[in-house]
Amino acid sequence: MTNLSVNIGSLKLRNPVVTASGTFGFGSEMANVVDLSRLGAVVVKSTSREPRLGNPTPRIVETPGGILNAIGLQNGGIDNYLTEKVPYLRQYDVPIIVNLVGYSVDDYVYLAERITQAGGAEALEINISCPNVKHGCDFSVDPKLTFELISALRKVTDLPLITKLSPNVTSLIPIAQAAVEAGTDGLSLINTLLGTAIDAKKRTFKLANITGGLSGPCVKPVALRMVWQVHNAFPNTPIVGMGGIMNGTDAVEFMLAGATAVAVGTATFINPNAVIEVIDGIEDYLTASGTSEVSELVGAVTAIA
Amino acid sequence: MPVIQTLATVVENQELIKDHMVMICEAPEIARQAQPGHFINVNASTSITNILRKPFSVFHADPATGRIAMLYQLKGATTHGMSRKQPGDLVDIVGPLGGNVFTIDPRPNAHHIMVGGGYGVPPLVFLCERLRESGFAGDITFIVGARSKDLLLCEADLANLNVTVRPTTEDGSRGTLGRVTDALREIIDERSAVYTCGPTGMMKAVGEMSTAANVACQVSLEVPMPCGVGVCMGCVVNVQGASHVRACTEGPVFDARKVIWS
Amino acid sequence: MTNLSVNIGSLKLRNPVVTASGTFGFGSEMANVVDLSRLGAVVVKSTSREPRLGNPTPRIVETPGGILNAIGLQNGGIDNYLTEKVPYLRQYDVPIIVNLVGYSVDDYVYLAERITQAGGAEALEINISCPNVKHGCDFSVDPKLTFELISALRKVTDLPLITKLSPNVTSLIPIAQAAVEAGTDGLSLINTLLGTAIDAKKRTFKLANITGGLSGPCVKPVALRMVWQVHNAFPNTPIVGMGGIMNGTDAVEFMLAGATAVAVGTATFINPNAVIEVIDGIEDYLTASGTSEVSELVGAVTAIA
Amino acid sequence: MPVIQTLATVVENQELIKDHMVMICEAPEIARQAQPGHFINVNASTSITNILRKPFSVFHADPATGRIAMLYQLKGATTHGMSRKQPGDLVDIVGPLGGNVFTIDPRPNAHHIMVGGGYGVPPLVFLCERLRESGFAGDITFIVGARSKDLLLCEADLANLNVTVRPTTEDGSRGTLGRVTDALREIIDERSAVYTCGPTGMMKAVGEMSTAANVACQVSLEVPMPCGVGVCMGCVVNVQGASHVRACTEGPVFDARKVIWS
């Protein structure tokens, strides 16, 4: 028998596999494809203070080994989340991690308070790294702002805080350090890599938003490197690793690099059942390699002898 | 309604007209559930530059045989990948997808008018089949448009359904010379119930003509659908009273009066 | 008739297509595959003061839509370059751009002087951005160091200077600005993205060097975005764009984003004749679109109407 | 010698033994130039995780018919892609590659000894063919090793070449029980000229035994070859007196005495 459970702060996950924010809706969309109660947790789409309409279309285009997206954080806002999304998800025995996005520290604090009071989630993922909205990255490139934000949130909630980092920086360490010192319980990485695509025939950008965020298999080497670097710097801070995870083997690679949990994103678009296959794949790997605790994998990668 | 992901066995995969093929495969679960307007998400690309599934309307679905058919035009990586499948090969499909499909006008004396062009024709052929299976014996007219006669689709399928087929060709090589709207104009009246699928420009014109004639018209929109299951927000369209609704889950079929054509 | 010629400073190229440093050896290796005299220029492997043995193997692994490499700048050194490589290449009517790498400003200055005196190249590409060697990135992340380096080189040579930028930064603009203000004639981007790959079964890294540089089709969206950003900031500075160019269409996309010339790298491994096919592909595109001057493409991309 | 990149037409592609297939294709230019030890870089992967070509030794090359053959073991994306090719399909190949191939010991009384295992056998079979074509009528022994008899390769090809075949199997199911070195030990003498290709451990043992017996031995190294043409520096190996030399251009064939086995 293998033990798949892992912890992120006080949050217990029955297995290390969660959904990547913005790729699994609010769970309801996927309930007729996936048994939600099998997931480690459902991480829902970024939620903001007011409803957001997001960017014009085209919003998603294919690129070699991945996709670019510029959704622009379309969501129904916190009221809609608490009145509609939460009650629906509560039908299932699965922890909810809500991904929060705002323009200011006040926005984030307001959202955290509302959700904490309403019991609208088991953990908060703080998205300071969306590349597709103005100011979306101010926090993610500035350790001082990151420290202020997470400190403020730490004061208003006891829910586990998971700070989601942007890969579009020279080094993630200063940002991660700020979040850790401010009391984040975990870190999630990576968000998407800023990119663009051009239609040579039309001589226009392919995305209405011009730039978008790159995700999918193509980003895996960069994501693995960043998870490994951050884990080395902060070995006691649990990491939710993501970026191109398509199957159980990819997930194991992220855990070996230092991730305590993993998130499945773009894979769900190609294979709606991907998140379940990743769980099964990890279990098969543990059995085949005679590993009893999934946590033994975390950071276990070594250099070639 | 559960969404099925399956490796379906290809039974038949043949060219219908130039650059258009029909693939028949075994997918009992999907065949049982599929209705006209539903689509199937196919993963058949072998190109590293196309990693997403692509949507294809259900052309036929037979719960008895457990088989479904898709009619596809050769365009890019997915459709070329589909074209290489031999009988016996497996094809990776997800379906049936679509939150809102064609709903049949219940009036017994209704005159059901299908207006289709290109690969918009197959879902409407499926709708005619289901109309007849439901016991409807009244009038069905199928206006099928194409540039010229060798591009007209599915006339054979319609022959057996006691459907009045009105081909229109832009070069007059067959049927009415001109656009589908030229044929629609001649027959649309208060008995009409219009269903349309095809090039966006065509659907817009058909929708506007129907609305002007105060006739209900259902349009099946075509927009890129990265996920097809409602989670990516990549397929959004604007409709009266609501911005950025998902075409995959609120549609693909919409009331023509509600659609805001961009 | 279409005009394919472009200029980078005083350097005239018969067409915009050059080879990416480190992917075309010193030209001699490819002479039996490609007619070198058809190329815009041959950009040779990074050359250093002393010979370098590079990193242990494995040095290259495949990743989704690309490869990771950690060669470690193996090369025969400046003496070997001047005595063996240059005379060989001089048999062909093609400009030579030598890529220089060093540990210190002195190293670079020494190399530039030697090559200028010996007439060993038509232009110098200054590699401040190799991710696979210690200190390889110090220059590329520090505008002050970059300014010092390029200023020093500007003093000792009249050869066109092309500063090669690293994509592993929060913003390329400050580095590009430093290079421009110090008198660089052009910029080349992107070098490889820092990444890693892990063997789940063995629980080891796949590269002996642990991390490597990501290249190939998978990086194109990031490279296009960076070329576009740098071109917008410095519209008068010619850019050599690269990152995943596999065919003429890819090359046109880079030029539309703002590149004056393009380099073909990883594609050569998969398709030894790639560089020629890119030249032909650009010409076909110009003919099909009725464009007479390739330079009309530079930066011509627009937003979706 | 010009390197040819071509879309070669597959003439035949059949299983030889379990998980091992032989592909014959038309590549006149390559067939004219190829010598034993040369390899072909094949682009046949349809997986986005494998974008590089993979090298395969020339098994046969017939300038007269313009055909070449490769023997491949099913491993990953490229070999599985190759296995799906039907006669008439095209295969994207580059070759002949390799800067140093097998050189024949010129002594008229030489006893040429081939020691091959797995897919190291085909290039040595090619070498036997060329030896006989060159008019050499003397002794050729082929020691072919495998785990058990159903994994022994190419005995049929060698039958017609008047070659003494000495199979060795680790389970004794055929020929000598044990390793190839057990067979080599029995016959190696000053007349011997040894040529070996196969698993690295086998080549190392064969090389060391030859060197100990003061017999020249040529080994064809197998290391990953990302480009195959000498420009990526990914295939480097260490040899006496030179570190990090490229196996694709300085090799793949090396003098066993020079190789530093890592």
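Letters A, B, C and D mark the chains as written, and numbering starts fresh at 1 in each.
Going forward, a residue touches a chain if its C-beta (ideal position, glycine included) is under 8 Å from a C-beta of that chain, and two chains touch if they have at least 3 such contacts.
Quick caveat: nothing in here was measured; it's all calculated off a predicted structure.
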item: Pair sharing more residue contacts (C-beta pairs) when B-C is set against C-D; value: C-D
item: Centroid distance [mean C-alpha coordinates] between chain D and chain A, Å; value: 49
item: Length of the line joining the C-alpha centres of chain A and chain C, rounded to whole Å; value: 34
item: Multi-partner residues of chain B (each touching 2 or more other chains); value: 48-49, 51
item: Where chain C touches two or more other chains at once, by residue number; value: 58, 63-66, 216-217
item: Pairwise touch network: line, ring, star, complete, or other; value: complete
item: In the complex with chain D, residue positions of chain A that touch it; value: 64-65, 217
item: Complex contact set, residues of chain B against chain A; value: 1-3, 5, 43, 48-53, 94, 223-224, 226-227, 229-234, 236-237, 243-244, 249
item: Of all residues in chain A, those that touch chain C in their complex; value: 58, 63-66, 68, 141, 168-170, 193-198, 200-201, 203-208, 210-212, 214, 216-222, 224-225, 228, 244, 249, 252-253, 256-257, 285, 289, 300-305
item: Chain C-touching residues of chain B, taken from the complex the two chains share; value: 48-49
item: Contacting residues of chain A [partner chain B, same complex]; value: 22-25, 29-30, 32-33, 45, 53-54, 57-60, 62-67, 69, 71, 74, 216-217, 268-273
